[in-house]
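Note that subunit A is present in both complexes that follow, paired respectively with subunit B and with subunit C.
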Partner chain A sequence: MGIISRAFKNIGKNWYRFGLFFVTTAFWLFFAWRATGFLNSFNIFTLLRFASVQVMVGFAQMIALSAAEMDLSVGAIGAGVAMFVGALMQLLGVPYPLAILLGMLLGATAGFVNGILVVKTKINSFVITLATSSMFSGIMFITTKAKAFTVLPQGFVDLSRVWTFGLPISPLVWIMLVVAIVLYFVYSATSLGRKILAVGANRRAAEMSGLRSSKIRITVFVLVGIVAGMAGIMDAARMESAGPIIGTEWLLTSFAVPAIGGTSISGGNVVVFGTVLGGILTGTITNGVLLMNVSNFFVNFFLGLILLLAVGFDRLQKAYRERTSVK
Partner chain B sequence: MTKRKSDLTKGRGRSAFQKFVSSDWGRLLVIDVVAVAIMSMVSKEYLSTFNLFVITRDVSTMILIGFSQAIVLAIGQMNLSLGAIGGLVAVTSGGLMAMWGWPIWLAVLVGLLIGVLAGYLNGMLIVWTGINSFIITVATNSIFLGLNLGMTHAKPFYNISATVKAFGQARFGFFPYMGVVTIILIVLMVILLKYVVFGRQILATGGNWNAAEISGVPVKRSVVLAHIISGFMAAVAGMLWMSQLGSAQPMIGVSWLLPSFAIPIIGGVALTGGGASIGGIVLAAFLLSIIQSALVHLQVDPYYVQFLLGLLILSAVVLNELGGRRRRA
Partner chain C sequence: MKSGKSTFILLTLITVMAVLLSACGGAATQPAPTATSAPTTQLKPTATAQTGKPNFSKIRVAIVPGGPHPYFLPMKPGLADAVKDFGLGESVFKSPAEWKLDAQNQLIHSLMAQGYNAFGIFPGDANASNAIVNEMVGQGIPVVALGGCLNQPTKTSFCLATDVAQSAYLGTKALIKALGGKGKIVHFTGFLVDPNTQKRINAVKKAVAETNGAVQLVETIADVDSQEAADQKINAYLAAHGKETDGIITTAYVPSTVAATALRNLGDKRIKMVGIDDDPIVLNAIRDGYLVGTMVQNPYGQAYVGAQVLAYLKTGCQPKADAPHYIDSGTLLVTKDNVSTYKEEVKTLTKRISKTFVDKYLSCSK
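Showing the complex of A and B:
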């Protein structure tokens, strides 16, 4: 058995992930053909930068989904953290790396609040995070009066502006890739990742085999808070403005990106690099549709349709596998 | 007033007052009355005819938004697309009147039909694919909203029929004409859930899917039906909202998600399905409107409203959960 034949076997087993790759490529080819300026290096730069934020938003929800939870407050946390970091930099002159760290800490705190509430009250995470989402954005609006912070330090803005290695790739993309590698490592090689997946697949079984599910679930919400906060900060860097508009459109994105990437909605499995591709796909569609001068209001329509197709396809394929796997 | 069976068994050996307060809606009624009493002392204008009209008109749509979510919660599912359905219905029926001068009755009929179709689509997708209602309705929400914004380019129709505009402002004393529509729908909901086979089957499906299926309840049809009712309620709410604003705004429905869950949850509807307390929903809708109007009168920063709404949901679910645990113990 050579490496090559094993690789082919892997492709056979995971063809749907390559399917997503082909779909994304097909969209790139289509837009390259139909949308003027799509392959322009500046457009590629903008597209990848936008997609990396989408991927981060997807990561936040992916972590929650992996433990069979939902977090509707990712948008509120992202906006709150971005505004907080903006305020630290603009009003207090805090150096940007420290501000970002403090922002991630705030995200972690918000996630911890979610986690504690979900675990202690034993109420569906959907309802808890629906309520906390409203509270988080309430606090953000009350403290900032919804005014955006636009005087941001050069170093922070450069995170989105600079071309690295002479390529149309902003540092935001590299940050996203580092997070992807870290998450892949956490889920595939650490006991924490395994425990999260075990709790997500079957909480009762995980508890019976000695896992402390409450601790793990709180950790999950903390991780979601950190990643959502990072997504908010990255979006602020991308738009060069930390404003309350951040996160308002994340609800669909956060579920669509991991679902398109093959992460199961009911918990117990994650496909980290599928989420990366999912974010690139939604980013590509948003960008391409805008370039084609189709009324940009239809973007929503297409993204909804793509999400439906993705989950429907996933379901079909599972049914197919169940039918064909005779043991 | 007739007592419900569960209230009779629950409250055995307790005083009438205790029984009343421990019922789904008794507690809420007390809270509502106290809130209004406090506000009437704080602000003279609070009980003015006009303010009562504003509150009642607000409640008229809020109740329908609550119903739209509650009927889906009753089967243990969710509908995140109800706001988008309301918006889509408002702009299409408004657009038909404004752009093509369709008669009101026909535009309203088309609006209701769109609501029913949208609900049918949600229900069928959920039943066919077996995918979580949450994901399906997140996706269809985006689809309906995209259609709405794509057709209107986010521009409202101002030239809707004058009768519709007048309807939104008309009142008997403090009571809005719109309230009549809501009262009719409240009565229909009570009849549906208490006496009609379809309605009972919806509750049975939500209470215990397997048991319902084994005892011959067409569970899938019940799911689709619940979503159709949900779409219908959202459609009516969207058109009432349009007549209240006096124009068909594409942004109608964008802010409905939170209240749609808050009202049933505060009204005591369990998220696990199997029940829907109509009285609780109505009183919870009143509570939200009383509070929102109070915040306006007290000139509270509107940004606090969102925070307080979240806090209210959180306390309501926690209280319900604690109450439930005590009852089970």
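Showing the complex of A and C:
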């Protein structure tokens, strides 16, 4: 009894941390009540599968944001890596595990290029990644002629197709969750994570306390490249096609998902599992609105609205915390 | 030392993630779930007591275009008429909000979850849409392509679409006739990356070649199927060469409306033009004498016949071994004479295709 009351007391104290969970749950309950087929196992399967890619895209930007950087090339990296992996598998017959590994290395290389350019030129990452985004896309279009790779190995396609453990959960969801745990571990229990957050919170102060911020920022972009590449590979598995359309719509998602999840846009703070919930929430709204037969022209409107509400909610949280800490 | 630690963490991360992605590929424990309990089971046709016609009341057809476009609008009444005429269950025409494959796929998934068990789609991507088609067919949901085909190999049972080459050929012949068999013409058409554009270009050239030089194709201007490009290129062309041009053939939706508007603005009824599709701008231009005619496609019929075929496929019929995958949904020249009545002609054409389709192309166990 004591434990339960303590748990409730903790939830009461930290209610703002559970806000997104309650909002997501409320949407699930609402759609379960109003949207035909929402709790259908097939729908749960496709919803979570879609959300898992959304979350991975959010993770990529979350890493950049944590160091007070931004990476507008996540979509281009995702598409480039997906098409590279598709080409390796379809044209060269490379086994898919090796193709995936090489794809992630390509993502890391693209991230390294971004990192080096940002650090060496001292130009804002917004401008650099805007430029490299076009360059990466251009290279991809030139080398592949924008032709999708659709003859993919069964094992690769199974990443999105099959149930796991008898549950309507695609392997992509488990991959996303493991990446979430790894990122949580990196940010909460490794010196690398703490250094990234320190640089993100105040780069000058971090440098004055002896941190080599250039190196840390390059590492951040490499991590972004790896995770964006993974997102591209996962999206290719989800669509069973490694084509240039991958990543074209990631820009808004990449910022919205971590922002909804509570990650600070100005750096120095990440909420890994908030980002997971952010991705699930955007996936849920997209799916639920479609199921409710509300004209799907409203989907974008609702997503924008929820982003505004999330940002407003975040502001309220901060005001509340400031008020309570003053007391 | 510290840098070595960071590198070690990075390398470990890459390896863990790669192993994870690869390992999950083999972690298949069960095939994908079905949308509803119904679609996997084949619905048996039962004859209604009064008419002896098959009972299709459990067939729920969804028609999903690739994105919003006026071309698809007649599909809605086409589907509604098919529901009425064939006694289909609740069916729906629904368009994604944007021309994005992912938006179309999500819409299809949501319709599957709601129990729609037969799909007519305009592929959002001629290659990549095969993935969702495979997913649907794997769950016992028949799919036909409407308005545009998927690239082979595909599991769509049929593709009902316009024979674009025939349409362009007939349109050019009509223009040549209006010109009195001689003159200089220009061709405005769609995107060169679209394989249909090349077919249209060749068809126009073929019709011109049949005049043995009496008609000259002065220029073919492609990549004008967007408002901005069409406005710029067509108006620039007419400003520079309008006086030397006797005829215009357009084989894409946007240049058709833009060229019709340009001729109206110029007040030029000397230049003869044959357009494509039935945008109100084009139809009004025909009524007012600025256009000779337009080649109307049959999205109404694609939806009507598509829904009918899907109902038969869902109740166990199969395409005959010798049935073609591509079926021409028909095309019609609309001129001043039939501009008020062409919709009825389209319906008659549709009924003609519908009447013979099952016997010609489907094999149904009695």
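The rule is short, and it goes like this: the second predicted complex is superposed on the first by the 313 of 327 C-alpha atoms of A that agree within 3 Å, B and C clash if a C-alpha of one lies under 4 Å from a C-alpha of the other, contacts with A are read in each partner's own complex, and residues count from 1 in each chain.
Basically, a residue touches a chain if its C-beta (ideal position, glycine included) is under 8 Å from a C-beta of that chain, and two chains touch if they have at least 3 such contacts.
Just so it is clear, the model here is predicted, and its values are computed rather than measured.
A.B. asks: Now for A:133: first (subunit B), second (subunit C), both, or neither, which partner does it touch?
C.D. replies: Touch status of A:133: first partner only.
A.B. asks: May I ask you to decide whether A:252 touches subunit B, subunit C, both, or neither, giving the answer as first, second, both or neither?
C.D. replies: Once the two structures are laid over each other on A, A:252 reaches subunit B alone.
A.B. asks: What's your read, subunit B or subunit C touching more residues of subunit A?
C.D. replies: Counting residues of subunit A touched by each partner, the higher count goes to C.
A.B. asks: Now for A:75: first (subunit B), second (subunit C), both, or neither, which partner does it touch?
C.D. replies: neither
A.B. asks: Output check: A:241 vs subunit B and subunit C. Expected answer is one of first, second, both, neither. What do you get?
C.D. replies: A:241 contacts subunit C only, not subunit B.
A.B. asks: Thinking of the overlay built on chain A, is A:115 touched by subunit B (first), by subunit C (second), by both, or by neither?
C.D. replies: A:115: touches no partner chain.
A.B. asks: Would you check which partner chain A:274 touches, where first means subunit B only, second means subunit C only, and both and neither mean what they say?
C.D. replies: neither
A.B. asks: First (subunit B), second (subunit C), both or neither: which does A:141 touch?
C.D. replies: First partner only, subunit B.
A.B. asks: First (subunit B), second (subunit C), both or neither: which does A:266 touch?
C.D. replies: A:266: touches subunit B, not subunit C.
A.B. asks: Kindly classify A:299 by the partners it touches after superposition: subunit B alone (first), subunit C alone (second), both, or neither?
C.D. replies: In the superposition, A:299 touches subunit B and subunit C alike.
A.B. asks: Across the two complexes, find the residues of subunit A that touch subunit B and also touch subunit C.
C.D. replies: Touching subunit B and subunit C on subunit A: residues 295, 297, 299-300.
A.B. asks: Which of the residues in subunit A come into contact with subunit B in the complex?
C.D. replies: 70, 117, 121-124, 126-128, 130-139, 141-142, 145-146, 251-252, 255-256, 259, 265-266, 295, 297-305, 307-308, 311-312, 315
A.B. asks: In the complex formed with subunit A, which residues of subunit C make contact?
C.D. replies: My answer: residues 2-3, 5-6, 9-10, 13-22, 24-36, 94-97, 100-103, 105-107, 109-110, 112-115, 125, 127-128, 130-131, 134-135.
A.B. asks: Once bound in the complex, which stretches of subunit B touch subunit A?
C.D. replies: Going through subunit B, the ones touching subunit A are 78, 125, 129-132, 134-136, 138-143, 145-147, 149-150, 152-154, 257-258, 261, 265, 271, 301, 303-311, 313-314, 317-318, 321.
A.B. asks: So in the complex, which bits of subunit A are touching subunit C?
C.D. replies: For subunit A paired with subunit C, touching residues are 36-38, 40-43, 45-46, 50, 96-97, 100-101, 104-105, 108, 147-148, 150, 155-156, 158-159, 161-166, 168, 171-172, 174-175, 178-179, 182, 186, 190-192, 215, 219, 222-223, 226, 230, 233-234, 239-241, 243, 245, 248-249, 286-287, 290-291, 295-297, 299-300.
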